[in-house]
Structures are given as C-alpha cells and as structure tokens.
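Take a look at these structures.
Next come two complexes, and both contain chain A; in the first it sits with chain B, in the second with chain C.
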Partner chain A sequence: MSATPTSMTSAAPTAASEGRRPSASVLRRAFRFPTVRVGLVLVLAVFLFAFLGPYFAPHTTTEFVGRPFQGPSSDALLGTDQLGRDVLSRLMWGGRSILWMAVASAFLGVGVGAALGLIAGYTPKIDNLIMRPLEVIQGFPALVLILLFTALLGPKVWLIILLVALFNVPSVARVTRGMTLDIASRDFVAAAQVIGFPRRHILYREVLPNISTPLFVELGLRITYGIAITAALSFTGNGLQPPSTDWGLLLNENRTAMAIQPWPVIAPSVLIATFAIGVTLLTEGVSRTMARVDREPGT
Partner chain B sequence: MSSDAIAPETLGMPVAPTRMSRARGPASWIARRLGYAVVILFAISLLVFIATQALPADPAQAILGRAEPARIEALRAELGLNEPLTSQYLNWIGGVVTGDLGTSLTTRDSVSSLIGGRLVQTLFLLGITSLVAVPLSYALGALAAFKRDSLGDRVGLGSSVILASLPEFVTGLLLVMFFATTVLHVLPAVTLDTSLSGWKSLILPVTVLTCVIVPYLYRLVRASTIEVLESDYVHVARLKGLSNRRIIFGHALPNAMVPAIQGTALMLAYLLGGVIVVEFLFTYPGLGTLLLDAIRNRDLPVIQGLTLIFAGGFLLFNLLADIITVLITPRLRTGI
Partner chain C sequence: MNGVEVTDLRVELDANGADIVDGVGFTVAVGEIVGVVGESGSGKTTVGTALLNGTRRGAQTTAGSIRLDGDELSALDENGWRRVRGKKIAYVPQDPTAALNPALRLRSQLKEMLDTHEPHMSSEDQDERIRASLREVKLPDTDEFLKRYPHQVSGGQLQRICLAMAFLLRPRLIVLDEPTTGLDVTTQAHVLDTVRELCANHSVAALYITHDLAVVGTLCDRVLVMYAGRIVESGVVSDVFDSPMHPYTRELLTSIPDLKVPRVLHAIGGYAPRPGNRPPGCAFAPRCRMATELCTTDPPLVHVGPGHDSLCHYAKDLEAATHRDWEIKPVRVVAENAILSARNISAFYGSTQVLHDVTVEVSRGECVALVGESGSGKTTLSRVIIGLLAPRTGEVTFDGETLSPKAGGRRREQRQRIQYIFQSPYSSLNPRHSIGRIIESPIGLLFDVPRAECTRRAEEAIEMVGLPAATLDSYPGDLSGGERQRVAIARALACEPTVLVCDEITSALDVSVQAGIVSLLDRLQKELELSLIFVTHNLALVRSVADRVAVLQDGRLVEAGATATVLDAPAHEYTKALLNDTPTMTDAIDLDPVAIDPKTATL
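Coming up: the complex of A and B.
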C-alpha cells in the first residue's frame, strides 16, 4: 500500500512502506467501531433537528401561545417559556446559529492553524516567527478575552466566530507542526525534493495527505470546544440577544423557573450534550483507529 | 497519538512552552521563563487597554448609551478619555502597578476593594474543589492503572471521555435538575451562604468543577502510572523481590506523579475559565459573577481590572506548572 497516490506514481517506490495509510482507509476502519457509528448518528440527528427544525416548527419564535412557564400541552408540546412563547418552536429555531458558529470557527481555526503549522514545520527559518506569537495567544484565558471583546464590540456572530477561531489556531498549529516535522524527514519527501517539486507541491501533495486524519481529529475537538464557548456566551447573556433564539439563550432565559417548568432547560441541555458526545465518540474512534494503524508493523 | 496518553492540548487546554536550553541550569531557565511571563502580562495589559479604551469609538458613549452630552463629557473627563492614548495607557498601567485599579462606575467603590472580597470567595471555591478533585483523580488514576483493561477501567475511560466533552454548565444544569429542582429536592440550587456553615450550597458548584477536572487529570495519572509500571526500574524492583506495597508507594507512584503535578497546575489555570460559568449558574458571589455583572453594567474599570486578574492568574498557574516540572524532573533540572 502506498503512502499517497503521488508518491507511488512519481516518487520513489520505496516510499510506499514508510508513510501513514491514506486517511480514507483509517476512516473506513473507524466506522467498524459501534461507538463511531453511534457518534455519527447522534451528530447527524442534532444537525437535522437544527437545520430542518425551522421548517417544521409549529409556531413562530415570538408568537405568544399561552401563559408564561406553562407545562406541556397538546398545543405546546414542551410547554411555554418565560414570556409564554412555544418552547419547542424556539428550540427548533435555536440550533442553527450555535452549530454554525461552532463549525465555522472550527473550520477556520483548523484551516489557518494547519497552514501555519505546515509552513512552520517545513521552514526552520520562520519556525520561531510563526510559533512564538501563537504561544502568546495560548497564554490568554480564552473565555475571559472573548467575553471582553464581545462585551465591548457587541455580540456579533462574525466576531464570535473569529475569536473562537483565533483561540483554536495555536493548538492546531502546534499539532500540525509536530507531524510535519515527522513526515518531512521521511524518504518519500526527500525523493520529492530530489526530483525538484516546488515547496507548495511537497506540502500539499506529500505532507498534507499524510496528516489529514489527525487534522480530522483536531477538527472534532475544536467543534466541541466551539460549542462549549458559544453556548456559554449565550448562557451568560453575552451571545445572541433576545428576541432571537439559541439553545444557550433558552437556558439563560428560563433557568429561574426550572423547578416549575423544566423543559426549556432540559431540552437544550440534552441537545447540546448529545451533539458534544456524538462529536467526541466520532473523534475518539478515529484517533484510536489511527493509533492502532500506526502500531501495525509493515503496512 | 496514543489513546492512553492524552496531551493537554488535545483537550483544548493551553500548554505553556517548555523549551529548555541545553547547557544552562534551571536558575537561568526559570529567570527567562519569568521574563517571558512579564512580557505576556504586558501584552495582555496592552490588549485589555486596546479592547476597552482604544477600540470603541467612544467608550463614554458606549457606557452611557443615549445620554445628555454634558454627562458623556463628564464621564470622558473622569475616565481620562480626552488625553492621548499613550498617556491613558501609562496612567492606567501605573495605577495597576501600585495597586490602584480605579473606581467602579456603578458602586463608586475602589475596584481593588471590590475585587479583593470576591477573589477570596473564588479562591475558596477553587481551593475546596482542588481538595476534592485532585486526590480523587490521583486515586482513580492509580487504581485504573493497576487494574488496566479491566471492565471497570474501560467503563471509567469511556465515561470520562463523555463527561469531558460536556460544557460545564450543561453538567451543572443537569445536576441541578437532578438534585435540586426536578427529581430530588435535597440540595440548594443557588449559593447564598458561602461560608463553611452553608456547606450544603457548596456541594453542587464543587461537584460541577470536580467533573471538569477529574476526567482529564485521572486519565493523565492513569497514563503516567502505566508508563512507570512498565519501566525497567519497576521490573528490577520486582526482580529484587520487593513487596508490592513498596514497589507501588516507594517507586511507582512518586514517579507517576510528575506529569500529574504539571497537569494539576494546568487544570487550575483552565478552571479559571470554567469558574466564571459555574459561578453564574449558582449565583456564587465570586470573581466570575463580578465580571459578568460588570460587563452587563458596562463598568469599564472593573472589567479592565478583572480581565487583568484572570489573565494574571492563568499565567501564574501555567508558570507554576512549568517550574514545578523542571524542579522535580532531574533530567530537566540538570539540563543534561
């Protein structure tokens, strides 16, 4: 089996035994674990609920359907919230923003972090120039600074995405850099260098395919982190503002009446928990498969 | 990436840089690390200043909203906003160094006195949490390592992964619903009495924070204990015929503690973020609720002071983690 298609066709054939397996194979093997399948089902279920929910919501998010904090009834299946609005409808509308912010900031953070890590790991000259400032970012307590900026510049969606992404970058860059250093010392990269491929080709065609699985794991971790941060912002009243709806905001608005009408607190908590657990099961399974593939002798 | 050794960064936790010079001793390394900390603290103070005072077009307007021009002008004068930015920064940082953080805009108290009382409360919460969570993680981690791959070990690993993936307020709300409001009614849902006599209202906040620490720290202790148990010197001790008890308490555990101690300090740094949300959830009168209140009231001097305190504490715990690791690892201490 070859490390990458490129290295088999164009570089030295000896490269084949050295690289990691292509990530597609790791993913396929990971899906044999029942926990990974369960994780995928949980993630997809929450995604479907959040993105299709608005089309099926029985009421609008601002319509008053009863007295405040009513229990479940046939008209409002999960009861009403602090103003007498339908909890189920607000729940169905309230997933999009939070998931979208977490996923966008994870992709942005992993994209930028991986690019910086690749360059730092492959170019000793500017290694310090890239990694030292990132260490400074890691010296900051993320939640405090995100609170600070959203409080002063307003809780805007793009700002939250950018800030969470910023705090995602250093750890992704650090992991990518480490792996790049390892891959860059292998024979097939040396072969590609001898042949005279340009740097960009080596980074994107030889190195990147070999670190894509760990990056997938990183992406999963960053999504869980993003959910925790964005939901915490809304939960403390510093994220999306009323009358919008969002799972964290539902918790914030209705937690005072938890004893008499628990549904607006239970439902978003369970959805956030389900999503976080699903993502974690997926990434855990993939990273465990990866470790197992690495330990196998002579692939 | 092995499934046993979970690097702190994979859990979304920051890791302080630990680059040792090969030739020089630990003293010069610690001195350089301290210098680095001062640089970061300076960067943080600059960032806080830029975010609060330089970035908003008019902080006075932002604080007061739509108010009479005379009131806005008065607030501008009080905050020193009419001076050039550099002297604004120097005035502020000069005050910070001498312990004067300014005056709260809402309560008119000095910011340092406001923070002082709350700091004690937050440290109390963190202290109790550490007293519970750290020994618990060490015991569970060592036990899991000795019973490696048993059913209990696998259940422990699985549940810790799931627990670690939950945001702290979700864990907290689920616990509150279970123990305080919906299922059982045995514990208070909010913390009103923060003294030891009100210990019942401390149980839930401490439990939530413990749920944040234990999954991570216990896996760290487990991994490092397993590594030690498989090391040559433990094999030698076994071959010498030492009793199991002496092997465990004389050889294995002391060495397994090294990564765990660093992990504990990093965990405390991480908790500084978690404590904000947990304090909010239980309306615990600590630094976290003070920060959120200040943000809601746009109380600029309090926000500035608190952000600096949080960042400083974060830095301090990270620094401690590094220094302790170097001091208790002979290989790093001697620089060989």
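Coming up: the complex of A and C.
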C-alpha cells in the first residue's frame, strides 16, 4: 500500500517538500482536530487496558475471592461475579481475545473486500461475477448465520474471525468498487494504460494509493463492528467458553444479578462503548479532513 | 453619475491581511460593456464578486466605495445587499450547470427571482415577464421548454437561461464572469451577441470578466487589464490593444495566437505573485524586461491618452507599437511520407457512432491539427490512435505496421514511440505519486535501463520542459496548472516519442502559459523531429502551431489541407462558420446579429 517516492535526487528542498505524501498529511492534519485526539486517547486507553491488563491483574480469572455477587471491596475492586471470582481481573484478562478477534477480522475483511472491490471496479467484465455473490452474502442476517456456523462447528476463534471477516467483505468491496470506478476514470489511469502497465500495477500503484485513506476509515468502522459482533457472540454463549473470560461473556454471566451487583455488566459495557466511540471519533475526523483536503484546489 | 463607479476597492485575506485586490477603481457607464482581463490569480473574479459584496471564504472587502447610479452601496448591511443583489446588480456565472439547481424546473428557477424581489407581482405578470426574458435571449418561451430541468437543455441554452435570469429584474449593472469559457466558438458567438443586444436595449452597465482578449476585442467598449490585484492599464479597447502602454499588456498580447496571422507566441517568464508575496512597488517588475531600480517604488497612474491610463513608471517611454509588428512564423516544408496514419476509422460509444470513416495522416516532423466543436469526435479520434478506444472499423498504422486496436496489445516499442498528452493536467497526474515517480515509471517500463539511468533521464526531461530538477521531489498538488502540464509533457518526452498526440493540452491554461507550452513544443519539434497531432478547438492557436488542419464535424472529416489554405480559403460551410464565429484580435470583427428562430434554437 506504500507509495514511497522512488526518486530521491539530491535536490535541495523546495517549497513543495513540506507537503510530502498527501495521505500522510491528511493524518497529520486530522490530529489537529480535538475530537480526533480524544478518539485516539480513548482507543489507546482501551487497547492498553486489554493488552497490558493480564500483567497487572490482582487475581487469576478462576480464583475464588469471595461469595458470588459481592459488591466492591478492597480485595475485589469491582466486586465478584456469579461464582465469586474477581470481576476486575476477569475484565483485565477478557479484553485481549475480543479485541484480537475484532482487529483480525477487520483486517482480513478489509483486505479481501478491498481486493475484490478493486478488481470489480476496474474490470467491468467480471464486475457482476464478483459483486452479485457478495450481495447474496449481504442478504443473510450476519449474526444468525454466524451463530449457526459456530453452533455447528464449535465456537473456535479462527472460525469466528473468518465468519466476521466474511460479513465485512461485501460492504468493504462495495465501497472500494465505487471509489475505484471514480479513480479508474481519471486520466492518469488512462495514461498508465497507454504506456502499457499491467493491470496489477495500475490497481496497486495508481488506484490504491488514492483510496487508501477512505479504506483506513472503513477499517476503523469494521473494527467497531467486529467488537459488537464478537461481544454479541460471547453474550449468546457462542464465543469463548467458560471458564475463559471475555467482555461479552462477563455481560452474559452476570446480567441476572444486575440489580445487586451491576459492576460485571457496567464495566465491560463501558469499555466496549469507549472503544467504539474512540474509533468513531478517530475515523470520522480523518474522513472530514480528507473531504476538506479534496475540496482544496491545487495551487 | 449613472452607471457604476468603483473607487479604491480593497479585498484582503482574513488570515494575514494580504491584499487580493487593492486600489481598484473604475467606472462603467450605462449601456457600456467593460472587459476585465487578466490571468488566473490576477483578482478579476474577486473584483466582480466584490461588486455584489461577495467574497470567497476567508476574504473580505476592507476598503473602497461602490456607487450605483449615485447611491453608495458599500455602507449597506447584509439585508440591504440582499435587496440589491439580483435586483439591481445581477451576476452571470462561469459554469451554468453549477449555478442552476438541477432539481428545479426552469420555470421555478426563474420564478424564484421574481418571488424574492417582486413579491407583489401577479402570477400572470410573472409569467409574461419570464416569457419575455426567454424571448430576449432567443430561447423558446413555450410551456414545454419551461417545464424542462437543467439537464434537459444544452450548455449554450443553460448559459442563455442564466442571462435571462440576470436580466429578468432589469438590473442596473450586470457582472459576467467568463460566461462563455465552457462553450464552443459558435455557441460563444451567439451568447456574446445576445449579451451585447441586451445591454444596449436595457441600458445596463456590464462588467465582462474574461481571460480571452479576443472576446474583449469583439464585445467590449473599454478594457481593464489586471495584474496581481491592480488595474495596470485601462482604456478604450482599440487603444489598449493597438498601442498597449504597460509592459504587462504588451507581453500578454504577444502570447496570444491570432486567427489571421501565424504568430510566434511568446511566453511571459516567471509567475504572477500570489497575494502576500507581492514585491514592493510594481508587482510586475520581477518579470518585466524594462524594470529598473525605480520599479521597486509604487508606480504612478499615468494618463497616456484620452481615457487611457497605465500604472507604470515608464508608461510615457514605451514606444507606440501595434500588434501588426509582431513576429510571424515562417511556413515549414514537410516531406509527404506518413509516419502514422489512421484510415477509415469508425468508432462507437455504446451504440452511438461518434466517428464516421475518418482518415488522418501525419508525416515525420509535421504538426497536424484536429479541429472541431465539442462533440465533433476529435478527442475520440485521438483516443483511437493512442489505443484507448478500439475502432469498429478502420486501422491505425505506424511506421509501416498495423497497430493493435488496444494499447495493451501493442509492442513495447510502439507504445514507447507514440505518446499522448491529456487535456487536463489536473487529472492526468496521479496526486499520490511524486513527479519523479510519475516520469520515471514509464521509462522503467519502456526501456531496459537501470534505476539510476531512469532518474537521470527524468531529470533531463524535466529540465527540457523548463522546470528545475528539484520539481521531481514535489507532488502534483504543489504545482500550478501550467507546471503540471509541463510535467505531463516531460513524461511523454522522457519516452522519446516519434509521434506526440496532444489532446487540447492548453485549454485549461492561461494564455501566457499556453504560449510557453506552444513555443516549447515548437522547439522540441524542431530539435527532435517530432510529429504532432494537435487536437484543439482554438482555431487561432492552429494558425500558430499547425502545418496541416483536419476539420471534424459530427464525427465526419469535412475539410483537410494546409493550415493557410484551410483558414484563408475555407471550402466547407462548416469551416467558414467556425472561422466566422472565432473572435480575432487583428480586426475586431463585428459579429452580425445572428438570426435564430426561438422555436428551433438548439444551441
């Protein structure tokens, strides 16, 4: 995806050289928005909590530290769960799997979807061949189908990642195809065709760099979607199995006692919401900057 | 006085207080059409919109007075302006497709104006006024026409609707901002004619903003030449064009091709300074051949003749010159052996046939111009030649061999020897690639040379088109339109072509930049013995660049021959009409009012 300049002549820096890579400058400009900074802080905070959490957790996930559904105490800061295990520790351990699944499925889905969208948008002949089957996939209710497969094949991490990615593919492909259609009609693509560059070169060198920023935004959206769906899977019992822990599972196991011990429900919800809001602020700011950059006339 | 009187207008950027225009003052009498000319960035549009108290985002009018029929307007608040705008001062935009609401029928758009400014008018009166306005601009006034949406009428008709809308409320001043830029010559001639008639009939003062001096020559009474936000010369059109008394005007006039004479075009070196970067004193001094120490001080406004002023220290010292003294390009003799020929080409877009059995040949070292209005198929033909569109019938041969219809099927050497330059330099360069990469990657593909050699050739090519080698490190977004087009030319030249196909390559550029590109191609043609296929709608430009001309109409070749023959003694009616409609600088021809039947007009 990189578009590093191939020529680095020893030329003295021109007035132009501060512009550098346009996509990089979009990100840099985006960080001037306070909302983008807040988003970044939120996302990083949740990531740090999830990935460093296990090293700092006061207890293991299976250790019994008190009676079930105990309120917060000095030993269990967020109280205990339905079996008397420490909620905070289970929360700190339970983020890795859900974030890992969401991020992996988002990358996989955006990667495959973008590749299909690029090909479909650039090659009218096989456009239908690619897009119509994807619409069929989109026609199915994602969650129901994922539940069906996990019930059939067992709740395996790789299966969940694959299924969530599969349901990410159609919409990513559609967005990519639309942008590709636009870019492919520009003259610089025709110029590359005239010179005789192969299709692979045109797609990855000419088109892709021009749609990489919106794809980045799409990646963010897909991560949030992945979080929601993996949490939902755990919640319905088709994700990770006890005694392992994850934020969706925590919700499910403890929702019966919400009135007396709300922490095992509130804490993971807050984390998931924080993460989703962070990703949204971040990507929204980036796309807004992008629109602004696009509107600016060339000097 | 009657008409409009502007004094000391200043518009500045909010960010740093830099002036976009400053010290601008002029008058437009009732019934008079005053042209404002200047290159992009000269502030001409800013002056036009300032008359409606509009500025682009981030700028505001900070000084000056605008008096309309004796009433001071600059003191008005936004509400006051709202009553003036459209009612007393009307505006005709450059791009009518962007100015009209695509979701409203024509009647609703016109009626909106009356509803806003004449709320008490009865609907019968409104209807009568709308129909009268349409008749005035020679459009049909039928219900069927009024029911149409903007996309259902042609570009020329849309511009007429904008004119009708502007004149609907019988304004006192009308500002026309390059209203014919997107139109082809025949349509332009009709629109200009309408403008002139309306201004005379309704005694409206008109300010006509354009970069096309030939249009000013045929339409306007007086002209204001703008440079870097100042009016540098003003006067009656014939005075200014025949004896320009400002060095900038003089240079500008030598950069313009003329329909009648094959002139050698001269580019003005350097660039117009941007707001905030303007040098003290005369802003043109850094590019001026006659500049001295004195030019770093503010130049005085010198009266050089009746109603003719020049903002230059040396205005009085400039010798009177006329454009008839300008350098004439010698006729070249070209051997008659075709290097590339497109024979019996018929091409379709979907089921629409756009080319009918067209044959065009170009010899080694020759420049053949393809001319015609938009939709005549000239770009399609060039795309067939380059292999972007496969013809239904006919074939393209190059150096004795038949070429594959698609570029992908052509041999590497063939792709290398025929190069194409696109119309718009804004879309032909990948914005995410550095200039170095843009020029080098074709070299890498077409020649078996190491990386370092690619870089060296790219440097050579970029210097050949007059840009510093450091440009290779910049991105298209850092460059101006003219610089980008030079990069596109460098990309083509780096491939060492035999034939260069140029598709309207100067239409997006200022005249002085156009002159630079044209003289560059001219030089390269001599040095490298290039063959050029030069697609253009600009007949005046053809006179300066082409050895032979092929005229296309509706996808058919209607006339072809040596440039001088075709332009001086056109045989085909269509060529005659094109020539008649092209405004020329040499003798500001008077356009006869064109009789158009409003019922059948389909411009």
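Note that the second predicted complex is superposed on the first by the 277 of 299 C-alpha atoms of A that agree within 3 Å, B and C clash if a C-alpha of one lies under 4 Å from a C-alpha of the other, contacts with A are read in each partner's own complex, and residues count from 1 in each chain.
Everything below uses one rule, namely that a residue touches a chain if its C-beta (ideal position, glycine included) is under 8 Å from a C-beta of that chain, and two chains touch if they have at least 3 such contacts.
All figures in this text were calculated on a predicted structure; none of them were measured in a lab.
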| item | value |
| --- | --- |
| Which superposed partner A:109 touches (first chain B, second chain C, both, neither) | neither |
| Chain B versus chain C as contact partner of A:206, first or second or both or neither | second |
| Contacts of A:287 with chain B and chain C, given as first, second, both or neither | first |
| First, second, both or neither for A:187, with chain B first and chain C second | second |
| Partner chain(s) touched by A:79 [first = chain B, second = chain C, both, neither] | neither |
| Which superposed partner A:258 touches (first chain B, second chain C, both, neither) | first |
| A:196 touches, of chain B and chain C: first, second, both or neither? | second |
| Touch count on chain A, higher of chain B and chain C | B |
| First, second, both or neither for A:136, with chain B first and chain C second | first |
| Parts of chain C lying in touch with chain A, wherever the complex brings them together | 386-388, 407-408, 410, 412, 415, 419-420, 422-424, 426-434, 436-437, 440-442, 445-446, 451, 455, 458-459, 468-481, 484, 491, 495 |
| Contact footprint of chain C on chain A as seen in their complex | 3, 5-9, 11-17, 19-23, 186-188, 190-191, 193-197, 205-206, 209-210, 298-299 |
| Of all residues in chain B, those that touch chain A in their complex | 1-3, 9-12, 14-17, 40, 43-44, 47-48, 51-52, 55-56, 62, 161-162, 164-170, 173-174, 176-177, 181-182, 189, 269, 272-273, 276-277, 280-281, 291-292, 295-296, 298, 303, 306-307, 310-311, 314-315, 318 |
| Chain A to chain B touching residues, read off their complex | 135-136, 138-145, 147-149, 151-153, 170-171, 174-175, 214, 217, 221-222, 224-225, 227-228, 231-232, 235-238, 251, 255, 258-259, 262, 265-266, 269, 272-273, 276-277, 279-281, 284, 287-288, 290-291 |
